[in-house]
Amino acid sequence: MAKELIRFENITKTFDGSSVLKDLNLSIHENEFVTLLGPSGCGKTTTLRILGGFESPDSGRVIFDGEDITHLPPNKRKLNTVFQKYALFTHMSVADNIAFGLKIKGQDKDLIRERVSYCLKLVGLEGYEDRAPASLSGGQQQRIAIARAIAGEPKVLLLDEPLGALDLKLRQGMQYELIRLKEELGITFVYVTHDQEEALTMSDTVVVMNQGIIQQIGTPEDIYNEPQNAFVADFIGESNLLDGIMIRDCLVSVGGLEMPCVDTGFGENNPVDVVIRPEDVELDAGGSGQTRGTVASIVFKGVHWEIRVESEIGITFLVQTTEHYPVGSTVGISVDPYNIQIMHKPSREDEQVFDQNEVPQGETYES
Amino acid sequence: MTGKTLGKIYIALILLFLYAPIAVLIVLSFNASRSRVVWGGFTLQWYTSLVENSSIMGALWTTFGLAFASALISSVIGLLGAIGIYSMRRRGYQIMLFATNIPMINADIVTGIALLLWFVRFLPLGFTSVLLAHVTFNLPYVILCILPKLRDMDIYQYEAALDLGAGELYAFIRILMPQILPGVLSGFLMAITMSMDDFVITYFTKGAGVNTLSTLIYGEIRKGIKPEMYALSTVLFFIVLLLLILVNLPYDRLFGKIDTTRRDL
Amino acid sequence: MNRSRSRLLGVPYIIWVIGFTVIPIFFIITKAITDSNGSLTISNLTAIFDQLHRKALIMSVELAFISTVLCIILSYPVALILRSSHIRRKNIILFILILPMWMNFILRILAMQMIISNNGIINHVLKLMGMEPLKLINTPGAIILGMVYDYLPYMLLPVLNSILSIPEDIIEAAKDLGSDRMHVLTRIILPLSLGGVGSGVTMVLIPSMTEFVIANILGGGKIQLLGNIIEQEFTVSMNWNLGSGLSVTLMAFVLITSFIFGRHKEETAAGLAL
């Protein structure tokens, strides 16, 4: 595994009486693309701002490349930030924006010009040196903000939901751009977003957060295929989140139906959460399977059909499949044991499924 | 006659109402005859005798000097004050905002008298007392021009500057000041104009030896108007016109330093 | 940026406010409640109720009120006409309408005097046409004319601002739902313009209530407004206590009025800076 570059130790932060980060511990490695993912108010932006030096933690330390930088001001840290609303210097030209940090370091004028030109080329905006930031489109401003942040060759780039204001196609394009940039520059990216698709697309590591607590850290596949609790299971992708009883290792009972699975270590006859991804539910037109059900609704989503099946065991399954089943028809339902994920029941509020209507207090800026 | 034409006529009438007296002043300034109603031929004599009239020119320089000095002082104190108020917590902020509004709400006559009563205790009335009075009534306008700019400031640009390595003072001067500057400039200009236009407060705080244009003219009115006054009015009118045009020019477009005209979609 | 450090920057201003706004008010109040020997009295404050002063106060309020209403009546159509016109460069028209505001006000009143005085321009034209000269100057009407002339731009600016900035799509929505022009005017434009009218009123009513210059120049000194009386106490009668007492009463009156009409000076000040 690559060398550890950044470490958060026991970071706690409170705003106006409400706790935003609770004893956070996190390790980030060189050349990693780490994404902090979670709903509004979960503390991800605060974590990023603490790393950038714009907030101080109430307690805990931030270690960067072996040094304690907890109280180091932002202008002395070797990381650069791409701000959510770009924060371009509107009274300066594009070139002056990008050259800003370089001029402060006192670099040679010709070198600066070359570097500006190189950065613009890197983000695909060659020739834009003399433009005014206000005359550029959102996507272009975004790229200038990135060019400005990488001009000084920082070791780490912090990105605070940079793609939020862009439309879908542009956003998807930029996601690939960012990955390409990371490969080309060889620097560490710390990325903050609430969009789980974005997180899954771009990251090496995803850190899922809720209410100031890290819920799970893992690769996109791990997070998606093996969520550790109800919150993660529900937040990432679509899922069937069901109540179950673990009868014994490799056997779980859902709605009275015994289903073999592959997880162990959950004890005997213990209540657990069961996650089955919609694309893993297999339907059979002939009606054969572990149980049966009736198709209640079917919606065309382009990539697949989204079907709700009311099963005999009293559970309505969300199914995604490329085949069409008419409403009202009877179908067989099966799930491969490998595709059943067992999780501990939530022991705290932050481990529970995220309720849209109850956004917690805490983060005072857009996050 | 359509509604639209009636409308345009109405506006023309209003413009006539506003400008006719001024136009009369301008025309009379070139009138060789001293009469208000008889045209005696074109002349520039009143302009030359204006310049030679020491009491008028003295009052003119006093007026300009007061305006510039009080605008400068109130801009500096006002800028610092606005930043201070902006950084205050709710309570202090509301109190200071109220205190700032007092000179503006209070009638000039009351402000002038209050200052007079205070000044006579320790200051001989003269240029200094008027200057202090002018700064006092200019400050609220300066602050109320700067505060909105402070509120609209993009603080993230400041953070971005720090992020890229700028020291706090450097970031403040290069990033935040330009955003506030239009407010500072308009505050300064407002102060100059308010100062040049003031009569009542100057009247009460000036003492015997000092005269601004307004007080001089007011004193002369009883004696009858000299045609030099018309010349003076004309000059002042064009100075003000010039000033206002200068203020409202679109500077960044003119200098073309950064290309603000191309728009991408 | 450190908040408490930037708060310190405000100290010079706070000192100035205390020294030149708060303390002087303290002194005028002190002068108002004492007599020439220094003993406490409220006779200066109750002086407003004497016949002479009461008359002057009523006259001041009347004239100020009429002038303010006239300013509103004159400004409103300008705003409506400009709004619905297709004149490009409305900014330039705005500029021209506001420009007189920046000219020295004594000079403007002077000009008005020349036009309406007994052998002024209007009467001269009337004589030429064979008509009788009118007694325009030295009347309450002259003072109203002077006040309207002086303060009209101060009403125009906020009224224009508020009416011109009503979004067009609100009006379109009203029409879409069945409003005719009169209905749009009374139910949409009028309510939305009240803020601007309020600002304009504060900028016109209070200065005109406390006026004395216009009354002197155009009223020939024969018409006594409260402002005139106060001024004379300080320059002629030298009864500073009485003058202060009347001023304090006036100040209270003004403060109450401005609270009624709201303190919109902030927007107007910013708007004045064009």
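The chains carry the letters A, B and C, assigned in the order they are written, with residues numbered from 1 in each.
To be clear about the criterion, contacts are C-beta pairs under 8 Å (C-beta built on N, C-alpha and C of every residue); 3 or more make two chains touch, one makes a residue touch a chain.
Model, not experiment: these values are computed from the prediction.
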Arrangement of touching chains [line / ring / star / complete / other]: line
Highest C-beta pair count, chain pair: B-C
Intercentroid distance (Cα basis), chain C paired with chain A, Å: 60
Centre distance in Å when chain B and chain C are each reduced to the mean of their C-alpha atoms: 17
Computed distance of Cα centres, chain B from chain A, in Å: 55
Of all residues in chain B, the ones touching two or more other chains: 168
Sites on chain C at which at least two other chains make contact: none
Contact footprint of chain A on chain B as seen in their complex: 154, 156-157, 159-168, 170-171, 175, 178-179, 257-265
Chain C residues within the chain B interface of the complex: 1, 3-4, 6-14, 16-17, 20-25, 27-28, 31, 74, 77-78, 81-82, 84-85, 93, 95-97, 99-100, 102-108, 110-115, 119-121, 124, 149, 152-153, 202, 206-207, 209-210, 212-213, 217, 227, 230-231, 234, 240, 243-244, 247-248, 250-251, 254-255, 258, 263, 265-266, 269-270, 272-274
Footprint of chain B on chain A - complex, ascending: 52-54, 73-76, 79-81, 83-85, 87-93, 100-101, 104-105, 130-132, 134-137, 140, 148-149, 152
Of chain B, residues touching chain C in the complex: 4, 7-8, 10-11, 14-15, 17-22, 24-25, 28, 36-37, 77-78, 80-88, 92, 96, 99-111, 113-118, 121, 132-133, 135-136, 139-141, 143-145, 147-148, 155, 158, 168, 172, 186-187, 189-190, 193, 196-197, 199-200, 204, 213-214, 217-218, 221, 225, 229, 232-233, 236-237, 240-241, 243-244, 247-248
